[in-house]
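Everything below concerns the one structure shown next.
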Amino acid sequence: MKISVQQQAFDLTREVEAIRKNDKVGAIAIFAGQVREVAMTLEHYPQMTEKAIRGIVEEASRRWQVMDCTVIHRHGELQPTDPIVLVAVASAHRGDAFAACEFIMDYLKTQAPFWKKEAGRGWVEAKASDDAAAERWNPPAKGVKGG
Amino acid sequence: MKISVQQQAFDLTREVEAIRKNDKVGAIAIFAGQVREVAMTLEHYPQMTEKAIRGIVEEASRRWQVMDCTVIHRHGELQPTDPIVLVAVASAHRGDAFAACEFIMDYLKTQAPFWKKEAGRGWVEAKASDDAAAERWNPPAKGVKGG
Amino acid sequence: MKVTVRYFASLRESLGKEEEELELPPGTATVSAVRAHLRARGGAYGEALAEKRLVRSAVNQDMVQASATVKAGDEIAFFPPVTGG
Amino acid sequence: MKVTVRYFASLRESLGKEEEELELPPGTATVSAVRAHLRARGGAYGEALAEKRLVRSAVNQDMVQASATVKAGDEIAFFPPVTGG
């Protein structure tokens, strides 16, 4: 498991290569989030951020088969189309990889201490739809499919 | 939209760069499938394969907001950990990107004419769990979330 | 009427054939009728296309139900359930 | 007892402060009591920590409910709902 909160960009291929070189891995689900339209500054709570993300990944690993996982979240000033976040989950099967990846993103959105401030617009408001997205994982999802 | 059925490997970063350079895109969901443990040969039905995948991507685009999409599926001889399939979906929001990506994978598993033959083991049997995974999208899923 | 029939994967191997031109007897108007016609040859065909076997089919490169109609010039394909992805 | 209080994002800006050491009056044993204590200062604090405002909190870098207990030496953080990802 790799968790990194950083200012600098990252290389998608290199991050994915690092978690897929295991012949028990059949599926890698990846989410890449990026800045839309307006430049922004991302503030975070340094001592808490990695701890919060680690907790989310550990919870995902209890719920699904996660063979390896990388989460990178950037902070600082970012321009439109700059990557913000990467979540990559390696598993034997796609059902586990997809569910864990989406779960991590949904929880990251509501539990990890990051705040976006858009240039010329101010602080981004939290969305009720993000709370709803995280809520749907309670109680723990069942029926993870194979494949 | 890019659909490619090919023998050669592909570069993940390059494929994702090609669909994300649009400042309306906020979310890219990616699935990468790879060979587990046993070398295999992938047979396909050349004239039908791209057509079938195109139909699946078009159906996903009717159900969710898909701003761009790339599907690459390899055929021929593949070794353990070799990438087999890439599905990358760019959208404004993560709910659409995840749903479309997973839908495309589930349909690809049951509708696209590929057959795996494992070295020393013979033809891979289709899984009931894959049919079930595709079935759950009928009727069209509702409640795509924002974010 | 004449059609082309194609076989893939384990079906292709069982029949030792990738493709054949077929003159269908009158009234053979659906995919399942074509399959029954081929099955009636017996031997490898009787086995590979036995009713109890899960066989998928396509007409002109579109996956179809067994009840789908066929017409002269069609390309009909038979194959096992797909296992890509 | 002494605690450290930290503010982030719009709260940090409204209060013009990132962090402060605080001597809590006896009986201030929960996060919501700390918040009420700060709110009672009035001015920017009264506004930013008003009851109607959605304010999240963490104790020692763990997100907690307002009912969570606090003890001497804790780092208590107040911030708006998070918007990362």
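Labels A, B, C and D are assigned to the chains in the order they are written; within every chain, residues are numbered from 1.
Methods note: a residue touches a chain if its C-beta (ideal position, glycine included) is under 8 Å from a C-beta of that chain, and two chains touch if they have at least 3 such contacts.
For clarity, every value in this text was computed on a predicted model and none was experimentally measured.
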Check: If you take the chains that touch subunit A and keep only those that also touch subunit D, what is left?
Finding: none
Item checked: Between subunit D and subunit B, distance of the C-alpha-averaged centres to the nearest whole Å -> 47
Check: How many Å are there between the centre of subunit C and the centre of subunit D, using C-alpha atoms for each centre?
Finding: 71
Notebook entry, point to check: Just how far, in Å, is the C-alpha centre of subunit C from the one of subunit B?
Noted result: 27
Margin query: Can you list every residue of subunit C that touches 2 or more other chains, as numbers and ranges?
Written below: 85
Margin query: Multi-chain contacts only, two chains or more: what residues does subunit B have there?
Written below: 33, 94, 105, 109, 130, 147
Next item on the list: Determine which chains touch and list them pairwise.
Entry: A-B, A-D, B-C
Check: Where on subunit A is subunit B touching in the complex?
Finding: 11-13, 16, 20-37, 80-81, 92, 94-95, 97-98, 101-102, 105, 109, 127, 129-130, 132-133, 145-147
Next item on the list: Mind listing the subunit C positions that touch subunit B in their complex?
Entry: 6, 8-10, 54, 58, 61-63, 77, 79-85
Checklist line | List of subunit B residues in touch with subunit C within their complex | finding: 33, 42-45, 47-48, 51-52, 73, 84-85, 105, 108-117, 122-126, 130
